[in-house]
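Common to both upcoming complexes is chain A, partnered first by chain B, then by chain C.
Right after this comes the complex of A and B.
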């Protein structure tokens, strides 16, 4: 889980406490625009060594969706941290 | 916008799946919703409908041909918006040559998302679900300003979700980075790269450059997508057939797909079908109108193109009369496995202030010999 949240921190240059899964969404901060989105995708793909397809990219509209999508690609996130973040 | 079952029906279907009659029923319902929505929220739109289309009775129409429409040029002179300025996440501008006014299109998050979703569905039909290596026949500076995009920048940004490791093949002086391109193509060999560029730039900075340096590429698995209009190429007497032929000869690219779209209706684009006509998806449609009377015309008759899009919620751009002349060539063609109307563009209405995305590029420096 930490590694996924770090992707957001790294890509958007924001603090951990700004990441509220249902609130931090595409276009909700200036950094998460269409260009930032693709940088986030690249960061997630690199971090977890997965390949997202176009449906994943369009569907990844907030942090919760990002969690679902990386899990769909077989990434196991720490459940305790996951529960806490929701 | 409030809940719409019409848009949900369209989003649930594949982009070329619905027969024209069935699509028209849903699209007409959606157009009624949008007309009412903008009438209630955009004062200028309401005033125009009241003055030109007879007020609130313009909201009641049974056929798409009877839906009110605005001239596309209105977005150049007036600010048309159906949401608070604070809800605008992005403002798109059309490319305009010096002295020409530019359109300003205000997107909120909802409309921007609708545009992304439909564009993805259309692109997936042609390119598949997997992202592919992508070569932009442009330079990276075209997307430098992220909040406000020119048509060129918006085109590139719209393509980014389909790209894996995008490569910008032009330098800032518009020269082709031949070595960089060859290296990139070597690195991505066997992964079916997609090339994207504006029509005139593809021609001048890619095809002509490859011919000039006498380099022949062989990319049979590549797809080239291009857009922006034929005006400049027509001036050079380059036909669409010659464009495709010379691309095949110089770059070995067999699949060349043109698309017609405009900054006023991003997302509901018209891609070239296998018959080389522009195909309407279920998210949009066209109506051809007589250039003098503006009466709707049947297939086979040339006239002004009116574009209907199911997407615009933050600005009243769902029904626009363009300055392009076109003709409907067919509909629901089972041989190509695509439903909906398809058409051809014949040119621009004379005397309209002409524009085309790729035509507005001003060469900053003379090309090196």
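Right after this comes the complex of A and C.
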């Protein structure tokens, strides 16, 4: 889970405490624009060594969606941290 | 410009909002310009207007009203009010117009709403002595990726009209054409979409959605758009999203400018557009030439991949030898070349310093068919997301903001800054965040490192080669 949140921290240059799964969404902060979105996709793909498809890229509209999508690609996220983040 | 608009059929659609479905005809557009011009004339006379531009009807009306009145108008990117403040300090405009919901910079006086209520205007000083302004000055644009001391490109109404006509001519823009406004209006390429389509009596389609959202393309299909414009990172993204022009049956023309697109992607979009019966134009330009300088005719793109093409109608390209380089510099001449730059309010009185000839700062070659190819830059730039960032400006900016001596390089798509500082005293994250905000790039593409001293060459210049190795 830390590794996924780090993707957001690294890409957008924000603090960990700014990551509120249902609130941090595409275009909710100036950094998460279309350029930032593709940078986030690249960061997640590189971190977990996965390849997101078109629907994943378009559908990854907030942090919760990002969690679902990386899990769908077989990434196991730490459950305790996950529960807390929801 | 407005004389031109008056020649089009008043009942044909000038602007169509894809999100709301609202259409604005040429007749309605002219009436709106008239209303807004009346208010501006009363409040302002001929003053300088700084306009925070958005892709909306009121913003287009304001821009055209300023042209109508001869009020020089600067089109600016929406953003934090402190960024605007720096420009206000440097150029001391007579009025600021910005979206009703935007935050007014601290130095502005209370604002009044303009006719349709979507924009507000704030006059900055009413008792000012008339300042000298060049009589031909009509439009001020920021150059892409410039930071540090603000610099504006000074353009005339003739520049705007000439470039609009040239573009409409080589793209064959007709009244039936519908162009989706995929780029912001404060950006010269985005503005050229507005100017060329209005000059031709065609339709501009507006949407608030980003080109990478399905809503954008739903709107494109619903309003039966015929053309799309994008910069390299947009085409890279579309490629990632498995975009194909066939998915959009009304698509007839795709254009690309704003930096070099990867050759394999040019090839790929050339093939996909050809198979969809649609034209793909690779183009080159600079804000200093209003927008457009050259283009590759779409039917020749297959043999000329990697070329910036031939000059636009009424323009001329040549190569000039330089003493400081064994390569040749690309020089453009045409009626769309700016008068010059402005760095202070006093510069707004200056006349035409370039007289129609622009040294582009790009090194180039030409083939036997007269097609030009870029071969590097005279000035140092970083390329992040297809955005051109002047490394010299980054260094100047950091000197002003943090009083540090710095050297900036592009290390494979990573903007790398070496700052002369003691390691433990350097605010790496702070500087990276500052630059990320100034340049609108994700901070992960910026690295800041401390260095004891910047290596110098024998001739006393910063030794970027050593730094890059």
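Keep this in mind: the second predicted complex is superposed on the first by the 86 of 86 C-alpha atoms of A that agree within 3 Å, B and C clash if a C-alpha of one lies under 4 Å from a C-alpha of the other, contacts with A are read in each partner's own complex, and residues count from 1 in each chain.
To be clear about the criterion, a contact is a pair of C-beta atoms (placed from the backbone, for glycine too) under 8 Å apart; a residue touches a chain by one contact, two chains touch by 3 or more.
The structure displayed is predicted, hence computed values, not measured ones.
Now for A:8: first (chain B), second (chain C), both, or neither, which partner does it touch?
Touch status of A:8: no partner.
Which holds for A:43: it touches chain B only (first), chain C only (second), both, or neither?
second
Which partner does A:34 contact after superposing on A: first (chain B), second (chain C), both, neither?
Both partners, chain B and chain C.
In the superposed arrangement, what residues of chain A touch both chain B and chain C?
Comparing the two interfaces on chain A, one with chain B and one with chain C, the shared residues are 27, 30, 33-38, 41, 54, 57-58.
Under the definition above, what is the set of chain B residues touching chain A in their complex?
Residues 89-90, 109, 112-113, 116-117, 120, 123-124, 129-131, 143, 146-147, 157-158, 160-163.
Within their complex, state which residues of chain A touch chain B.
Residues 26-27, 30, 33-38, 41, 51-55, 57-58, 61 of chain A touch chain B in their complex.
What does chain A use to touch chain C in their complex?
Checking each residue of chain A against chain C gives 10-13, 27, 30-31, 33-39, 41, 43, 54, 57-58.
What residues of chain C sit close enough to touch chain A in their complex?
Its residues touching chain A are 79, 210-214, 233-234, 236-237, 240-242, 385, 429, 432-433, 436, 440-445.
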